[in-house]
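In the two complexes below, chain A is the common chain; its partner is chain B in one and chain C in the other.
And now, the complex of A and B:
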């Protein structure tokens, strides 16, 4: 019997999707919407960063009038410069003190002002006023307060206490700057934490109360876990802003006395524009960015692991 | 369609306006009257330069000058920042004369040698030299300077102290001055014995070192070797340290505010520049007098000098108009005199200088009697210019920090040692 071969059934002719015009593809549309932001990112962030990195690898001889590629020499120069290490030390001490201090005080004030009590709004406004004062004006106000014959020493004299040198003393200048910066910063960071506190559902506190939790336990087991996200933001943003402090140093101490307030940001400005060694300044910029990135990523990692 | 078109037009128009605003902010451009607008940057109050700007604009109807003032202690940083970015919005800027070498080396000054012949004939010889570098004219001088010791005559008399004489031959020593100042603190209620207007600035400190013949602080064949640890420097800085440590001069007050202590009658002595002659003219609360700046008893009389030139930015949007403006202010008698109409600084133009000193003599009051004579004497016999080095900018910055620390109590010898090491490191980078 002859085997007959049925003609192969025609392949199901599912209608092949017609290629979409390029301008209708979702990825292209998304890219189109993202393009302005990406362009800005490249033009305003990545390109200057690349230029800074490249500039940090050059050296200009004013005597010869030439600019040459020196590789990592600028970094080597910085690492053997005692003024650079003093600046790094001052910056780290400043941040180790001011960041926990500001966040704790801001948290304490936020918890306090989240409660209803007589005059709460007035007190809240008073804490917030320094936020509205421009940093340069704050620096001028505190510069007057810290004068050896200024109001703070007059106040000490009322209590029979000796006058303090404040910004003119290497031992006190950094502390005086921390107090000034905190006067400005605490109210600002408090606002974020206050908003976070007001988002915590009241029934969590009621449940904890019913379970017999004390006020401290409610704070530790309800408030802090619920406040984790705003707290993380405040800690990271505060750290970054404090690593980049410049104006008060420029206005009040110029890094002195004896380099006691020479934060890295001021040192960079000093090298770039007062001394005119732009390439060395750019090398220090790269180091500052690296240090800040490391510290912030450690903070993120710690907060993330707590979340887990 | 029309909607889309109108949106596109709107966006295009918006972008165009933004670009136009941006560009107009970047370069000098022109004003509503169609005049070329020159960008002029300096640290003096706007009123100081208004007469010279008005005079130039009258002489050049097609050009307007827009002056921007920057605080004196930030001028160097601002110039470094903007000139290194080839900012064309600055056409003309004021140049601190010892910075001419550094600014020239960085390519921040237009070569003005084509007018060198005219300039040599028109300005004081030392002012021509200080405005030049490596044999070429880099800027045009506007002012020179000196310093006086201003005395509160009433306070000194109340304290039973002698009043210094105006005759340079009878110049007081620093030891005499502090002796009378202490007496005024003890007997006449003075809060300070002596105020130095240019605290922490090399201009104000250099005469102390120069009086002890200890050198400028910079030496070497390329003028990039620090020499600030010799006995004279240590002695001068110890005197400066003690001035504040012993309560003879106040700490924690900016130098720009010290003058008010003198005008408020809280100090018998104030060392300051000739601009104070004008500022004190209306002072009638007490009788004051300008006398020669003191010197150390075992040293020589020494006074600061040099002042400001004007330079043309090589990236200027209007280089030709900028040159005309600078030439008007420096090389013409009328223009140069108009720069000192509001603030009595000393003109660099030879004819303007002569006219200025004559006026100072004819218009002298009991307070300013001999001010012109003292000025001429100091410029001829005791003036010590600041060192000429491409490293002067770094020198002034590093020494400013050292002076500030010493004033606030740092041990002078140790602080000078540290400053010397910093200068060596910094200058090594210029090679």
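And now, the complex of A and C:
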């Protein structure tokens, strides 16, 4: 492959260019195209990640104002801190519910909107509208909807149901958050699954129908296997974004009531800017990134082994 | 529902089969749109009226009795107008610069074979596996050292280096026939010419899809502008909206109007470019 690109075409005098001049070498040309983006990625992603790792191994003494190397001490402090474990617990419960929930609903919606019926485009557009809502904006909107004297309780009253505390109750706050986030997320992931569904060859369904497969069996044996790759992508991307939820917590609950919504990203910011221990916060950043990467790689493995 | 497809069904289930999806889709569509309809109608009301009507549900909940544009006027005269203008500027520059840079990188990774290409690609993949919001704190310290706080450059830069955009475009570029490139090279076209005159024009759908990724990242950003743009003149839309809500006596009319503005702009983009987005996903090998 590489050889076909080698002869510099507009140089008829160069009879046998054994050694190419430096600026004609493919690697140099390619790196020229790559340089701006690589510089950005290294400076804006990899370098701060390295800084986070390094910073997590330091400690600044408030009394003396000196920063010293403490090795893994910050991690040890976190592992003995009940607040940290509460935050980990909340983050795991939140993700165990919201990720399968969002993917299943998105899949259901994609299957529904892949059918042909009157008004399909219009209703699909309505489901997509919340995708445009930035997280901070949806937090503000749902903050009003969830007010104890707000429209949702007014709606319950119309049906003679008792008012609910929503975000003000430790039992309901996380659930209320999950509903709010799903309102935005589900339509977005549906777009990817819909694209995947539309690419499944119709004759696969025809063949299954001729074999007498029921709608459910066609879904399990044709749709799901064909949709494996978009499903894997959606699950992984959704999980990464849900491990990093921050704006709604900061705007609505500040982690409360009683720490019921204290997701790790909020805990990190709380430690860095309210408590003021940046190095401890960076240790938690490293743990969060590590947990996310482990879960994502497990998901990849599970979804790939299903291939065989 | 029975699982015996052979037997002819009675009229009832058949009607359900025929109209079921449409009815279900309509119900779901309306359910998703209702909160926004409520926000929109709220944005056309006095704040006092919003409060008075908050605990009652009637047909006026979704249709304001006498609509007014006062809230929008209030917004434009305050800091919020500047914040929206900042958001538009920051997003537009991010998309333009980010697309050129990402497409160039994708070209370097797909069109020109060279030793070490795998390693460079690994750096790209690694950089989008590191979640940006999680490393925002150390990055903001770096930006403070470089005096990039409260500057447009500081707000824009993190949005430009987007590994996902490079990845999407690369997948598309890989499908461009190599014969086309060789023919062009023999005709004396330089590498930049191959990139700019062949690859870019062929790749409109994926460029639009990647541009949308870059745009949404910047438009929805919250953590980064909170850390880096604290001065009112450099605030972005979502932060300004959060400030409106955080006031002691929040002006709900203005908050609703602000929400409508911050939603309307990406909504137009998404609904218009939905088709390209789906296309870019279809060809990206994500499936």
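Just so it is clear, the second predicted complex is superposed on the first by the 290 of 308 C-alpha atoms of A that agree within 3 Å, B and C clash if a C-alpha of one lies under 4 Å from a C-alpha of the other, contacts with A are read in each partner's own complex, and residues count from 1 in each chain.
The rule is simple: a residue touches a chain if its C-beta (ideal position, glycine included) is under 8 Å from a C-beta of that chain, and two chains touch if they have at least 3 such contacts.
The structure presented is a predicted model; accordingly, all values stated were derived computationally and were not measured.
Visitor: Could you say whether A:149 touches chain B, chain C, both of them, or neither, answering first, second, both or neither?
Guide: Both chain B and chain C are touched by A:149.
Visitor: Look at A:280 in the shared chain and tell me whether it touches chain B only, chain C only, both, or neither; answer first, second, both or neither.
Guide: It touches chain B, and chain C stays clear.
Visitor: Per the contact definition in the header, classify A:36: touching chain B only (first), chain C only (second), both, or neither.
Guide: Once the two structures are laid over each other on A, A:36 reaches chain C alone.
Visitor: Thinking of the overlay built on chain A, is A:191 touched by chain B (first), by chain C (second), by both, or by neither?
Guide: second
Visitor: On the superposed three-chain arrangement, identify whether chain B or chain C touches more chain A residues.
Guide: After superposing on chain A, more of chain A is contacted by C.
Visitor: Which partner chains sit in contact with A:119 here, chain B, chain C, both or neither? Use first/second/both/neither.
Guide: So A:119 only meets chain C here.
Visitor: For A:258, is the partner it touches chain B (first), chain C (second), both, or none of the two (neither)?
Guide: The answer is first: A:258 touches chain B but not chain C.
Visitor: I'd like to know which partner A:201 touches here: chain B for first, chain C for second, both or neither.
Guide: Once the two structures are laid over each other on A, A:201 reaches no partner at all.
Visitor: By the touch definition at the top of the document, which applies to A:167: first (chain B), second (chain C), both, or neither?
Guide: After superposing on A, A:167 lies in contact with chain B but is clear of chain C.
Visitor: For chain A, which residues belong to both interfaces, chain B and chain C?
Guide: Residues 147, 149-150, 269, 272, 278, which sit in both footprints.
Visitor: Within the complex, which stretch of chain A touches chain B?
Guide: So the residues of chain A touching chain B come out as 59, 61-65, 77, 81, 83, 146-150, 165-169, 254-258, 269-270, 272-278, 280.
Visitor: Flag every residue of chain C that touches chain A in the complex, lowest number first.
Guide: Chain C reaches chain A through residues 3, 5, 19, 21-22, 24-26, 28-30, 32-33, 35-36, 38-39, 54-57, 61, 101-102, 104-105, 107-109, 112-117, 120, 123-124, 126-139, 141-142, 157-158, 160-161, 163, 166, 178, 182, 185-188, 191, 195, 219-220, 222-223, 237-239, 241-242, 245-246, 252, 255, 259, 262-264, 266-267, 269-271, 274, 277-279, 281-282, 286-287.
Visitor: Under the stated contact criterion, what part of chain B meets chain A in this complex?
Guide: Checking each residue of chain B against chain A gives 76-77, 80-81, 84, 102, 105-106, 222, 224, 250-253, 390, 393-394, 397, 400-401, 404-405, 408-410, 415, 422, 425-426, 429-431.
Visitor: For chain A, which residues are in contact with chain C within the complex?
Guide: Chain A residues touching chain C: 1-2, 4-5, 9-10, 25-27, 29-34, 36-38, 40-49, 51-52, 55, 109, 112-113, 115, 117-120, 122-137, 140-145, 147, 149-151, 153-155, 157-158, 183, 187, 191-192, 194-196, 198-199, 212, 214-216, 227, 229-230, 233, 240, 243-244, 246-247, 251, 265, 268-269, 272, 278, 281-282, 285, 288-289, 292-293, 296.
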